[in-house]
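You will see subunit A twice below: alongside subunit B first, and alongside subunit C after that.
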Partner chain A sequence: MTAIELDSVTKRFEDVTAVDGISLAVEPGEFLVLVGPSGCGKSTTLRMIAGLETVSDGSLEIGGERVNGVEPKDRDVAMVFQNYALFPHMTAERNMTFGADAARDISESELSKRAAEVAEMLGIEDLLDRKPAALSGGERQRVAIGRALVREPSVFLMDEPLSNLDAKLRIQMRTELASLHRRLQTTTVYVTHDQTEAMTLGDRVAVMNDGHAEQVAPPQELYDRPATRFVAEFIGEPAMNVFPVEVHGDSVVHDTGLEVPVSADEMAAQDGIDAADLGVRPEDIGIAPLDDAPAGTCTATAEVTVTEPLGDSLLVHCRLGDETVQVSTTPRATFEPGERVALTVDADRSHLFDRETGEAVYHAPKTAVGSSEDRTQRADAVAPGAGGEEIQ
Partner chain B sequence: MAVEDSSITSESATVGLPDTLWVHLSLVVSIVLMGAPLLLALLMSTQSTAQIYDVTNLAPGGYALENYQSALFEYDLARYIVNSFVMSIIVVVGKVSLSLLAALAIVYYDFPYKDAIFAFVLLTLLLPVPVRIVPLFELMADLGWANSMLAITGPYIASATAVFLFRQHFLSIPSSLVETARLDGVGPIEFLVDVLVPMSRGMIAGVSVITFVYAWNQYLWPLIVVSDQQKQVVQVGISYLQSASQAGQTQWGLIMAGSILALSVPLVVLVALHRPLLETFALQQK
Partner chain C sequence: MVRDIRAFDDSRAAAVFLAPTLAVLVLFLYYPSFETFRLSLYETLLLGQQTTFVGLDNFVTLATSPEYHNSLFVSFAFAAVVVVGSLTIALFVAYQLYRVDKWRSIYLVAAIWPYALPPAVAATVLLFLLHPNLGVITHYIELIPGVEFDWFTNGPLAFGVLAVVAIWKQLGYNIVFLLAALHNVPESLAETSRLDGVGSLTMLREVYVPLISPTLGFLVVMDTIYAFFATFPLVDLMTSGGPNGATNLLIFKLYRDAFEFNSLGLASAESIVLFGIVSILMLAQLKLTGEYAHYGA
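The block that comes next holds the complex of A and B.
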């Protein structure tokens, strides 16, 4: 098992900086996912680890050795590409063995034995004689993964390997990849733009934006305690609601009069900021008809604009002052566009972000990861759909 | 809906017959016009000289065997065809191998002034052999290659067109294939032989056909550089037939038989490889 370490790694293409001083440590045997919007530098980072792009600045280590100038073939890494990168004129078996054949001295029989083992593991024994054109998308991807496995590399690199598959197959392959990694325990770096894939596969997830890592953390921590506003909005579907508030000592107040209490102790540490952005996830906002409105500070009146039934939950878009707020509620609730409703923010699950830097300045106490109280609370307070959102 | 549609089409087909008739008629006329020289040559190769000079006589004559036999053996066309064939094969193999290597270098290697070098290669298109004939002749004489197979093949081995076609084809191969090979440590020659060549089969066949026909049709350069009639190629061989006359009349039957013989070899190659050839041109249009 091999560790990878990136220390202030930078990649510049002429006058564009694609990766801007990223520092990451991938533990031996870990499954690390790089996730971010297109153009955030995640693929470039992966390609630098592979050696397909040179490193402009900083240091890159694989297995404790600096590999900045080392040829791709000498890094002992195997990569799975989005478009599978299978050789169209070779059979599936030859595709799987061709690279390993070139990489090192292996006898023909050893190689085909290994290919057969891998094919069995991936359930493609019957396809070995076929050429890629005669394989479906999922089968091709299996062959591509098989090729990487036959190499027995110390690091797997995967560049959006599931993006070309249809939704159903993608979910199936995702599960297979997860169990494959559990079995092999090979250090893996996986690039995706799909946050669900990132959350489900990664031991840890690095959320990237604009060439740097915003936060590197286990999936649930990303969701519960996002380090920046970007992470908060990127992770979670539908996205977290974020709107500007004024900070008044032990509470924050929105223009519409919505007031949410915050822990004064934590806010005191923030050195008297008077304005911030309040972040609340759609499932952490309660919605009720006006005459049913619970009394309390965290409530405000809003108008329903659109409702989206998602089956396991109902997503209600509301207009709160100038903001559009998304609220996730029980699937069979009846709200009509134009209706006036009362929104109640769960103060225990709110976040505050610095308006300038976007950094999180406050997380409500119950966002702490892993407390058993946290679990039961969530089950009570949150609409049934919420749990489904996370693991979709 | 579908039923209605089909009834409309069949109706308009019958009503519109005069229109399509004109189209077909003009197509037939142009095909006949284009095919006429070939058909006439084929016809004349069966006639005696007297029959040919009787212009209105368009019936096949009975002299086919005589004409072909005499062209092939009496006038040595068989030897010239073999010479042409050997020359063409050498040119095809040389040109394709060299162009593959050049395209490999231009597409997959990073070296300074890469684009300028490729532009320079393309620039050689402006200087075909006939333009360089005098200095080329001197060069062949200096090298001692004159009057040999080397002289009629050497100058044709390098080809900007083939380099260009292979380069375009290589560029259309997804870069992830190259990157996979790099990660696996596949060497450049191994990559060329095991990946690029099998993936370029259609393009190679297409370039080979074009090159074969082009080499086969060379006339001026062999005429100049080869002085030994035994080593001459078929196109020049046909011109030798012209000097054969019978009672002051050019033996057109003989010449036409020679011409038909000369064009039959590239025709066979063309028919055998027409599919990849069409692919090549389709790719060029991209």
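The block that comes next holds the complex of A and C.
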């Protein structure tokens, strides 16, 4: 039995459709992340699961029971809000126990015991007497999570819980959330607009756009085999390069003469396509001075426009015909704006998207998750004498 | 070159700008206050045209007057009933208005319109509606067996009627402020409580009242001032302080002493005592509010 199931769920606010027939199934113990840009309907979907918004159409089930008209308190869910939603006049301990105390038949001693256990788990035992104003952002968020834990719900709902924290604390809390979920194994639905958070936390990630789910898949699959151009561009930092090409049987050709071979067998299934959008991630494009340009296909001449040193890599923006292409290369490479360079596309990591619908029509063979190539590379990396270092 | 530009550097210009405000304050506030204090030390005749210095005799008269003691008691009791009554009812109404989804504006207008009525008009209308012999409302009240609603002769009943009218008149003012304060409480607090299944009265008592306590403190102060000073037209038009002094509030008594009995000196002393009482109450309330009100995270 699935923990949560949404079947063609729609939410309309007068004449605006915020969520447009979304279908999702969350397995027990799963950590599902809803990610997407502002206004894509991810928070509304979460609020419908919580019962804070009514469902306009479709069916919503929690624990196998239809809960469309069921009050939030009867859904056995707990929610962590972006702004923490802590009661400013109550101590951290009272914040954690107030809801459970006011609404449920739990003895005070049992409640105190639970609060103490949760506080220990979250490392906030010493903060229980403080009011929210005397807590830092991270401590407040821990108290808010603690409040949800004290309830012992069957589902956790988290609405951008880390958005108000600074970058360093966000990374720390992200790790803590992942470890907490590993320990508790409570079904969790987590909303964020931050794709890094989505990729690092989710067992599966649902990428939402315009009120519907573009793709629901494990993080690496989203990255390697995006179902749509939207997913391809949304997941990954820097974003995937996408530019128009003509399809010529077993290769695609860009205006500049850049030619990238594709699997003729797979393209044969895409009957009648003569134009598409080619997608290549910045790290799947090689860059070299014109003199060192490798011969053959997949190579084109471009001009460097901007370079951005990122520490662990160098991001080079190039002008390729009318397109701007981002290339990620080794951090200490030296390229100057205005310099003519040769770009080489890794044909084994390329994708094609339908120009009209944006749907993926082709993924190069090596983009398959857990492909034999990937496993071989990982094995090579640890094999003595194979260029990698032996793990002791 | 950077020029040193300071606002209102010219003190003469500042004085000119401030002069109109100062003139109004001096003419209508400070001078009358000073005159009131001066007159409280005199015995007066013919609206103050003949005065005799009597020192603190007027205050001694007040301290030993049973009628004044009654007026003091009535005023404090009246203020307590009006402040507690109007705030409690307004809090309940505002909370319902805050929670209702449909026709909120219509309910809001219905709840606050009494405040928009001039006090004299409100008092006259209610006098007719509640009149012991002619009142429509009285007619229905007296349909209850054994109930006689003759508040023209029954002192405690007159006090009750006047308190109800004063509360009704002040509700709109309180509701507007309380509703604004409730809307300032983050909605996510209500949402998290909905998820927990916290009851609405528990929410009001444990969450909303503490969080809107600064507004409640402000309204206690404003309602106290209202009960002591601004209920004069209601008393004047409905009970004239009667029967038997049951509604003879300090503000009404000092008006009668000044303009019906021509004792301007004694009335001035009453004004000063009233001013002192309300000032002490204000200070106490503000201190309590500062100590216990919650001013946000």
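In this text, the second predicted complex is superposed on the first by the 371 of 392 C-alpha atoms of A that agree within 3 Å, B and C clash if a C-alpha of one lies under 4 Å from a C-alpha of the other, contacts with A are read in each partner's own complex, and residues count from 1 in each chain.
Operating definition for what follows: a residue touches a chain if its C-beta (ideal position, glycine included) is under 8 Å from a C-beta of that chain, and two chains touch if they have at least 3 such contacts.
Small disclaimer: the values here were computed from a predicted structure and weren't measured.
Undergrad: Under the superposition described at the top, does placing subunit B and subunit C together on subunit A give a clash or a fit?
TA: clash
Undergrad: Of the two partner chains, subunit B (first) and subunit C (second), which one does A:73 touch, if any: first, second, both, or neither?
TA: both
Undergrad: Which of the two partners, first being subunit B and second being subunit C, lies in contact with A:12: first, second, both, or neither?
TA: In the superposition, A:12 touches no partner, neither subunit B nor subunit C.
Undergrad: Contact-wise, after the overlay, does A:248 reach subunit B, subunit C, both or neither (first, second, both, neither)?
TA: neither
Undergrad: Thinking of the overlay built on chain A, is A:98 touched by subunit B (first), by subunit C (second), by both, or by neither?
TA: both
Undergrad: Just subunit B (first), just subunit C (second), both, or neither: which does A:87 touch?
TA: both
Undergrad: Applying the document's definition of touch, where does A:133 land relative to subunit B and subunit C: first, second, both, or neither?
TA: second
Undergrad: Check subunit A for residues that touch subunit B in one structure and subunit C in the other, and list them.
TA: Residues 50-52, 71-74, 77-79, 81, 83, 85, 87-89, 98-100, 102-103, 147, 151, which sit in both footprints.
Undergrad: Please give the residue numbers of subunit C that touch subunit A in the complex, ascending.
TA: 186, 188-189, 191-199, 202, 206-207, 210-211, 294, 296-297
Undergrad: In their complex, what parts of subunit A are in touch with subunit B?
TA: Residues of subunit A touching subunit B: 50-52, 71-74, 77-79, 81-83, 85, 87-90, 98-100, 102-103, 147, 151.
Undergrad: Would you mind writing out the residues of subunit B in touch with subunit A in their complex?
TA: 174, 176-177, 179-187, 190, 194-195, 198-199, 201
Undergrad: Would you tell me which residues of subunit A are touching subunit C in their complex?
TA: Touch residues, subunit A against subunit C: 50-52, 71-74, 77-79, 81, 83, 85-89, 98-100, 102-104, 131-133, 147, 151.
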